[in-house]
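These are the structures in question, set out in turn.
You will see chain A twice below: alongside chain B first, and alongside chain C after that.
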Partner chain A sequence: MKTVLPRQEFQDALTAMATLTSGRTTKPILSCVKLVASKKRVELSATDGEAALHLGVACISTPKEGQAVIPADGLLSIVRELTDAEVSIETDGRHCTIRGEGSEFRIFVMDAADFPPVPEFDGEADLVVDGIELRRMISMTLYAAARETSRYAINGVLWEKQGKRLYLVATDGRRLARAGGEIRATGSNDFEAIVPARALGVFEKVFTPVRGEDDWHVDVKILPNQVLLRSGDRVLSTVLVEGHFPKYQDVIPKNNDKRASMRRDELLAAVRRAATVTTEESRAIKLAFSTKELVITSQSAEQGDARVQLPIQYEGTTVEIGFNPHFIADCLRAVPFDTVFVELQESFRPGIICGEDKNDFLYVVMPVSLSN
Partner chain B sequence: MSAERTILHLDMDAFFAAVEQLDNPALRGKPVLVGGASGRSVVSTASYEARPFGCRSAMPMAQARRLCPQAIVAPPRMSRYAGISRQVFEILERYTPLVEPLSIDEAFMDVTRSRALFGDGETIARRLKQQVRETTGLTASVGVAPCKFIAKLASDLRKPDGLVIVAAAEVEPFLDALPITRMWGAGKATLPRLEQLGVRTFRDLKTISRETLDSHFGELGGRFYELVRGLDDRPVVPDREARSLSQEVTFAEDVDDVEVLLDTLLEQIDHVAARLRRHGLAARCVVLKVRSPDFSTITRRAPLSEPSDATDELWATLRTLFEDWLRTRRTPVRLIGAGTSEIGPAAEHQMDLFEPDRHDRRRRLDRTVDQIRSRFGEQSVRRGRNVPPPDQSGAASRGGD
Partner chain C sequence: MGVIRVLPPNLVNRIAAGECVERPSSVVKELVENALDSGAAQIDISILDGGRELIAVRDDGQGMNPDDLLLAVHPHATSKIAADDDLFNIHTMGFRGEALASIGSVSRLAITSRSAEADVAHIIRVEGGVQDDPRPCAAPVGTLVEVRDLFYAVPARRKFLKTPATEVGHITEQLARIALAHPGIGFTLRNQNRLVHDLRSTDARLERIADFFGSEVAEVLLPISRESGGVRVEGLVAPPKDSRGSSKWEYVFVNGRYVRDRFVSHAVKEAYRSLIDPSRYPMVFLYITVDPSHVDVNVHPTKIEVRWRDSNFVHGQVLAALRDKFLKTNLDHRFRAPAENEEYRERVRGAMVDFFTRHADAERPVAVQQSVHSGTRPQPFAGSRASESAVREITPVDEPAAVTCPAPAPAAEVERAPNAAANLAGAVPVRAIQVHNTYLVVEQPDGVLIIDQHALHERILYETLKRRIADRKLESQRLLLPEVIRVPSDRHEVIESHADTLARLGVEIVVSGPSSVALHAFPSFLERLDRTAFLRDLIDRLAEPGARPAADTLLHEILDMMACKAAVKAGDPLTPEEIAALLAQRELADRSSHCPHGRPTTLHLSLRDLEKQFHRR
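Let's look at the complex of A and B:
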């Protein structure tokens, strides 16, 4: 195989691949990227065994078609250090030679036959979603997914298709975020699928709006145990999380009649300020809602105490509730609204944070009981 | 030899109940029981006014209320207690950095090197008591002795508002006179065996040879031998790791059987969790310790997502640690131990979205077990490794009367 590529585009493609190859793995082949060179394009693939990424780079020329499996870290660091406009990749047997102007590198390659097959996006999409909308929904939910837990299948984000709407739901058992958006086109039945959080992190990094294309969209294909996402010539596939997502509808409060509204940036700043004196042992902040005013307090044995006030729109009876400040700040950082609504019932019941329309975004957060 | 040590043990008097009486004058001079009001709750603390009626901490609330129907039941307010505890510890730390908290209301201090600055043990103890009273409005009992074991015995002798000083020369007569029930480690299982050996007092215990004690009680026997002679060189450990609780056992013969190891660990963590609950504490970290026949020792720890005092939460994490270790082990086990660290007051609890009462259910089960044990002895209820989780076993609904 011998091919000549535009260096910057190739570097961008390898950087995207590194989101999958840089993780710890016991199989050396999974830290490699596979190159398939044809006359006009070079196709790159990488996989971590669970998710796989595939994308193409238009090449300048391909004197000799073929394929190669090259350690991704080594290749990227070489390509990153070159300053030329073009880079040439040539393989012979066990080596790969990378040439820029005035420099030449040889690194070992692995046998292309050992590289695991990477799923391809065959046939029609089951859904077509606006790219910006999908990115918005992922960023408004992903932070709430469980990182490591044995409870339920919550190490992923639930994708739930209901007619013309798609909902993404994530929870770690203590708070839950749900974002909803319109589907542009769909031919498939309603479905539920749990997409691993890690793959969605890769999506956030790699699937950015295509330059010069104001109509950016993402094709979605759902298979029994896999989901594939395609934008232009980028394809991200991942196995789905097995098991059942908890019945989240049951924990969305219906009777939170105490409704306050306030500026999002002010609430976020107040929560962060009050959280400065919290510690590992004493992590909760206390929110006291009264007419026109919210007072946030916290105290810890080591650090002392804090009291922060901010104006709110609220007419109901006074209510006090404890929360983990990180759970509140995570949500406020992720949403774009100027004004947020906090809906409560009582100190031992879950609270809601939302914008104007709960169908677009809804956050349910369980309180911290302050004395038990 | 370095100069003899001066160790203080300070223990707040009926702490939770005293705080309730402090905050609510209507409770002063009256019997107060701190604890949940429901039939299944146990008494966290009984005020001194309630004690003549037979009310004690760890007793089922229902039983305490039968003994003393006029008692006022106050629900615990852990964050308030933690605030006062902070004030108390601030006072202790004025005298020495060597303060080892045992629980929210109890600590050891090593004031050996503070004597030049603040006066002898007795002087420091009097000033401590006075400052605690002036700052918090509460009384504490203090024991002063050359070692931790005797200081703790001393602080307990004249409660409330007690001060007992045991100078080095008085150690022997002080100890000899004590009943064996005061011995560290002499619980419901050990006491009858000591009595079979004719031991009723510390003086009796001193007549038993080390070999006999070793053969009857293993490692504990060696401990008895030393403590009864006032030999206790355990240092006062002020760092965060001191706020840990653990249990370990050295097997008479090295153990290879995984089932035996699991049973041992469960019993240990159950015991540790009960101690956490008794002191109103929760741990953030679980610790496994394993020693091989060649004395190489590994310690593994795993954090909990939420601080916990629940036996089955601690056990689940400990079991995972053990199973991870099991994959790498090559030899039988000489010693195994279970513990918790990063302990603090169980003042706040993050509620669960899908099982909001999971924590309460676990607490109820644990409290039920605790109260059965407090009535019928440590061995009256034992955890099985294969019992279903508490929400299915129905065990929590039994034994609550």
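Let's look at the complex of A and C:
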């Protein structure tokens, strides 16, 4: 195989591949990227055994078509060091030679036959979703997903299609985030699927708006144990998490009648400030809502105490509630609203953070209580 | 046509005399074993008042004729062995011909039995060792043994019995020991007329385990098997990461009989050594099959111990069976390094690199050079295998004693005030290095301290938590989705009775179904632990057989368990900030010289000692 590529585009593609190849793996082939060069294009693919990424780069020329499996780390660091506009990649059965102007590198390659097959996006999409909308929904939920707990189902984000709407739901058992959005086009029935959090992290890094395309969209294909996401010639596929996602509707409080509203940035800044004195063993902040004012306090024997106050819109009776500040900050950082609403009932019941429309975003968070 | 014979006296003497009836669970064991020996397919157990009022065991086995019935309750009468040599060739659970006679002497015993050929059943009653004649009655083929008022004639024994819940706990454990070894036989257990266990016959051991302990337990088990030299070792064993908080999870069966054997236990321990924390226990179900002539079960009246003809060989086989499995299974990949940990490692690595770049640029390279191990270079930490480096060098002079506790891998971090404490004046420079990711070596004016990082951190946490509990300031994170695990109903009472103690610790456990409990709140500082695993360990601890500890003792034991779990472990790389923080807290904490278990946290090596060793004086 021999092909000449625009260096910057090639580097961008390899950087995207690195989201999958840089993880710890015991199988060397999984830290490689596969290149398939044809006359006009070079197709790249990588997989971590669970998720797989595929994308294409238009090439300058391909004197010799073919394929090769090359250690991704090595290839990326070389391509990154070159400063030329073009880079040539040539492989024989054992080596890959990378050439820029005045420099030449050789690295070992692996046997292309050993590279695991990467699923392809065949046929029609089951859904078409606005790309910006999908990114928004992922970033508003992903942080709330559990990480490597023994309750496997919540280590992923639930995708729930209901008619013309798609909902993403994530929880770690202590808080829950749900984002909803419109679907552009759909051919499929309603479904539920749990997508691993890791793959969505890759999506966030790799699926960015296509420049010059206002109508950026993502095609979604749902198979019995897989989901494939496609935008242009980028395809991300991942196996789905098996198991049952908890019946989350039951834990969304219906009677949180104490409703306050405030500026998001002000609340976030106040929470952060109050959190500076929390420690590992004492990580709660206390929120006291009273007419037109929210007072956030925290104290720890080790660090001292903090008191931060901010103006809010609130008319209800006074209420005090403790929260883990990380849980509040995570959510406030992820949402785009100027104004957020906090809805409470009692100090030991879940609180809600949301925007104007709960159908677009809803966050349920459990309080921290002091033992007695 | 009786088949029961009185044993010849010489054989009687070879059978060690002893008591096999110690408490209700031992009665259950004897009766169920008899039912097994009778060829039953279904065995039903019923208990009233923890076994004090009634223990009834019904089977559908071969039954007994009236003359068998008479002999059955006679001491040393057995149908199971006839002569000397048979003792070394035992294929049945019973062989001593002692159980029923013993039980009959300390209770009101009634046996109703009908053999397959008979049209009518007979019942025989024994009271205080005195029996009446068998009388005909109506009953299906098989045997029903009813034991009432156990130990009524032995007040000392009766007084010794624990609460019904505790006794039922023992009985359930006894059932586990028998039922797990005989998955092909159906068992039910009723307590106060309520069905507690309904174990359907199955040909898979794993299914029986799942039935008894729940699928969470069964799911993690890996099969092992090995056969050599007439010894077959089969088993279902948990990978090291699924270790447990109590030794009860080591189930060893030899020819279908539950035993405690130090050779097998040692082999198990050996196989798991260094794969699990020394304070934890492996979970294994081992089924060893050997020719009966290779093992002597007549060692202990309850037959719980065995004597091997070749114990070293058995030890070797068990060890090999387990090791093979652990070698074949990629433990590294599957069982270690959860993502949090990796993130944490990343963070640590980042911090180390940071630290060295900062210090390398600063005008004080001298401080680095002068530290205890001046030969080591910082390069290793820039590489990707930083965490494996055995010696790391730090002189956290610029990071004076921050007062926070080391932060072991918080999942998401709200930005801390950037080096809030960094400009505190007058902090004493601490020179410390971490070695083998386990010990801290600290320079002192008069020598060197060697600190066990886990033991020290555990002590510090323990003291902090104790203070917080006293001040009622322990925070508890409530759960949106309670963590539910399967716990047999006989343990529910224990859990409920300790609710207050648990609440003080910020733990809220609620019985949520006939055989499940749910965790609703969890101490905040244990946030990074796996809640299900924690809950399971906690319940194991609460349900441990034996005297019930006083609330206060229990509180401290659990506190200790929490501190241990939350503390940095041996093998955790620490950032310079974390080391500095740990050392600073050491100064503040009470009794920091020993961990809560009484092991020392710190060794002191004085300059004088060093000089002596090097013959400088």
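General remarks:
Everything that follows uses one rule, which is that the second predicted complex is superposed on the first by the 370 of 372 C-alpha atoms of A that agree within 3 Å, B and C clash if a C-alpha of one lies under 4 Å from a C-alpha of the other, contacts with A are read in each partner's own complex, and residues count from 1 in each chain.
Following the convention adopted for this analysis, a residue touches a chain if its C-beta (ideal position, glycine included) is under 8 Å from a C-beta of that chain, and two chains touch if they have at least 3 such contacts.
Because the structure is predicted, anything quoted here is derived from the model rather than measured.
Clashing of chain B with chain C is the outcome of superposition onto chain A.
Of the two partners chain B and chain C, more chain A residues are in touch with C. By the touch criterion stated above, A:Gln226 is placed in contact with neither chain B nor chain C. Residue contacts after overlaying the shared chain place A:His326 against chain C, while chain B stays out of touching range.
Applying the stated contact rule after C-alpha superposition, one finds that A:Val368 touches each of chain B and chain C. Within the superposed three-chain model, A:Val251 lies in touch with chain B and with chain C [touch as defined at top].
When the two complexes are overlaid on their common chain A, residue A:Gln67 makes contact with neither chain B nor chain C. Of all the stretches 26-34, 98-106, 116-124 or 206-214 given for chain B, the clashing one with respect to chain C is 98-106. Annotation: chain A residues 149, 171, 173-176, 246, 251, 280-284, 301, 322, 324, 348, 350, 364, 366-372 touch chain B in one complex and chain C in the other. Partner chain C is touched in their complex by these residues of chain A: 24, 26, 143, 147-151, 154, 171, 173-176, 246, 248, 251, 271-272, 275-276, 279-284, 301-303, 322, 324-326, 329-330, 348, 350, 364-372.
Residues 76-80, 82-83, 85-86, 284, 305, 307, 342, 344-354, 356, 363 of chain B touch chain A in their complex.
Across the interface of their complex, chain B is touched by residues 149, 152, 171, 173-176, 246, 251, 280-284, 299, 301, 322, 324, 348, 350, 364, 366-372 of chain A. Of all the residues in chain C, the ones that touch chain A in their complex are 216, 330, 332-333, 337-340, 342, 403-408, 410-417, 420, 461, 464-465, 467-469, 472-481, 483, 503-506, 521, 524-525, 527, 530-533.
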